[in-house]
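In the part that follows, the structures are each spelled out as structure tokens.
The same subunit A turns up in both complexes below, where it pairs with subunit B and then with subunit C.
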Partner chain A sequence: MTPRFNPGQRVRVLDKVTVGHVRTPRYIRGKRGVVERICGEFRKPEELAYGRYDGEREPLYRVRFAQREVWPDYAGAPEDTLDVEIYEHWLEKSEDKR
Partner chain B sequence: MSLEHAGYDRDAELLERAFRELLVEKGVVSDAAVDERVEFMYRRTPALGARVVARAWFDPGFKARLLDDGSAASGELGIDIRGLKLVVVENTPLLHNLIVCTLCSCYPRMLLGLPPDWYKSVEYRSRAVREPRAVLAEFGLHLAAGVTVRVHDSTADMRYLVLPMRPKGTDALSEAECAALVTRDAMIGVALVGSPKDVL
Partner chain C sequence: MSGHHDLGGTQADAPVPRGQHAILPWEMRVDALMQLLSDPKRPGGALISVDELRRGIESLSPDEYRLLGYYERWLQSLIAVMAEKGVIERAALERRVAEVERAHEQEHARRGER
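And now, the complex of A and B:
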């Protein structure tokens, strides 16, 4: 699969409510960040957790978020960041320049 | 540790034993294969990660390869990392890295062995992303003004190792002597590597 996003691109994590096993933490859903790197292609945890080992592989990204974007009342320095691994099907383009 | 944690361990141990005995009885795995795997994991200790760190301090070419592809570079040292996808993040005078897994306890076991109990605690997992500077202060690490904190949440397939800064006073030391200074906590990011005089 050709990655939909490139390093440096702004993305938003989908704010979905899910049931079952996912590897996208609740606290990061709906937050905007920047692709830091593409980690390679991996199978979806949503499928692996239920015994489907032959699903399609998809790109996994490391996305960098400003801590103040994640926690509006963050007490540390404004430059502090948080990197989280997010699978492609959890990301969308973000035009927001924040 | 909390009672909740102690209870969890007891139940998990019973479950593990029942499951393992069933697998052996049905011929899915052998006792020998289980023993081999347990032995393999017990040989994983932070000394492996420390070797990687010390090599990076001594060999700039290795360090560049390590930051580019942590798995391939660790393999160069002959360390059996069995499929580990490693990302190495470098501390500098202006940047401090901290590793956490908020979802469970993902950890570079191939290079550090089993994670400490606190790494798996709900408190560390929830607070490290929310208030990393407060957490670091509780570990006794007070960062200088102007140092940026970068937290890494290992939520998926990658595992993380912090490349700490080489401490002062180590110019005369050998690579192996430097490796002996590198602690597990420094490679998670909750401590710095101390100078030799601090360690003695």
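And now, the complex of A and C:
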């Protein structure tokens, strides 16, 4: 699968309501960050969680977020960041310069 | 909305202990059980994926999740997924646990520890 995003590109984590197992924690949903690297291709946790071991592989990205974007009341240095690994189907392009 | 296990960013009821603690022999056995069952090289292929283990853990009720320790949650999930796949039968497991408990009690009684 050709990755939809490249390092340096701005992305937004989808803010989806989910049932069952997912690997996208609640606190990062809806947040905007920058693709730091492509980690490789992996099968979807949502399918693996129900015993489907032969699903299609998709890109996994390491996305870098400003701590102030993740935690609105963050009191640390403004340059502090947080990296979270997120599957492609959880990301969309973000034009927003935040 | 998300599962009750998804605690990142929420307020803890009490300070989170940061110290290390010894890993008990039974905990290592639960870990080994997971390694063996999830090994794709085992005859017949893997019987469980890490994500299935997580799904089993996340399916615990909020009370169970809160009360059980880390490897207790793993064990409950391993039992649930193996029972779901027909690898083990829950009733047979419960019978065996009862046998072991009885044998343990008898052993204690014989040694006069009870």
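Definition applied: the second predicted complex is superposed on the first by the 98 of 98 C-alpha atoms of A that agree within 3 Å, B and C clash if a C-alpha of one lies under 4 Å from a C-alpha of the other, contacts with A are read in each partner's own complex, and residues count from 1 in each chain.
Please note the rule applied: a residue touches a chain if its C-beta (ideal position, glycine included) is under 8 Å from a C-beta of that chain, and two chains touch if they have at least 3 such contacts.
These numbers come from a predicted model, not from an experiment.
Applying the stated contact rule after C-alpha superposition, one finds that A:W71 touches each of subunit B and subunit C.
After overlaying the two complexes on the shared chain, residue contacts for A:L60 are found with subunit B alone; subunit C is out of touch. The larger set of touched subunit A residues comes from B, when the choice is between subunit B and subunit C.
Of the two partner chains placed by the overlay, only subunit C lies in contact with A:Y50; subunit B stays clear of it. After overlaying the two complexes on the shared chain, residue contacts for A:P25 are found with subunit B and with subunit C alike. In the superposed pair of complexes, A:N6 makes contact with neither subunit B nor subunit C. Of the two partner chains placed by the overlay, only subunit B lies in contact with A:T81; subunit C stays clear of it. Applying the stated touch rule to the two superposed structures, the overlap between the subunit B and subunit C interfaces on subunit A comprises residues 23, 25, 27, 45, 70-71.
Looking at the complex, you find that subunit B touches subunit A at residues 85, 87, 102-103, 129-134, 148-158. Listing the residues of subunit A that touch subunit B in their complex gives 23-25, 27-28, 39-40, 42, 45, 60, 62, 67, 70-71, 75-77, 79-87.
Those residues of subunit C that touch subunit A in the shared complex are 1-2, 6, 8-9, 45-46, 49-52, 54-55, 58, 85. Residues of subunit A touching subunit C in their complex: 17-18, 20-21, 23, 25-27, 45-46, 48-51, 53, 70-71.
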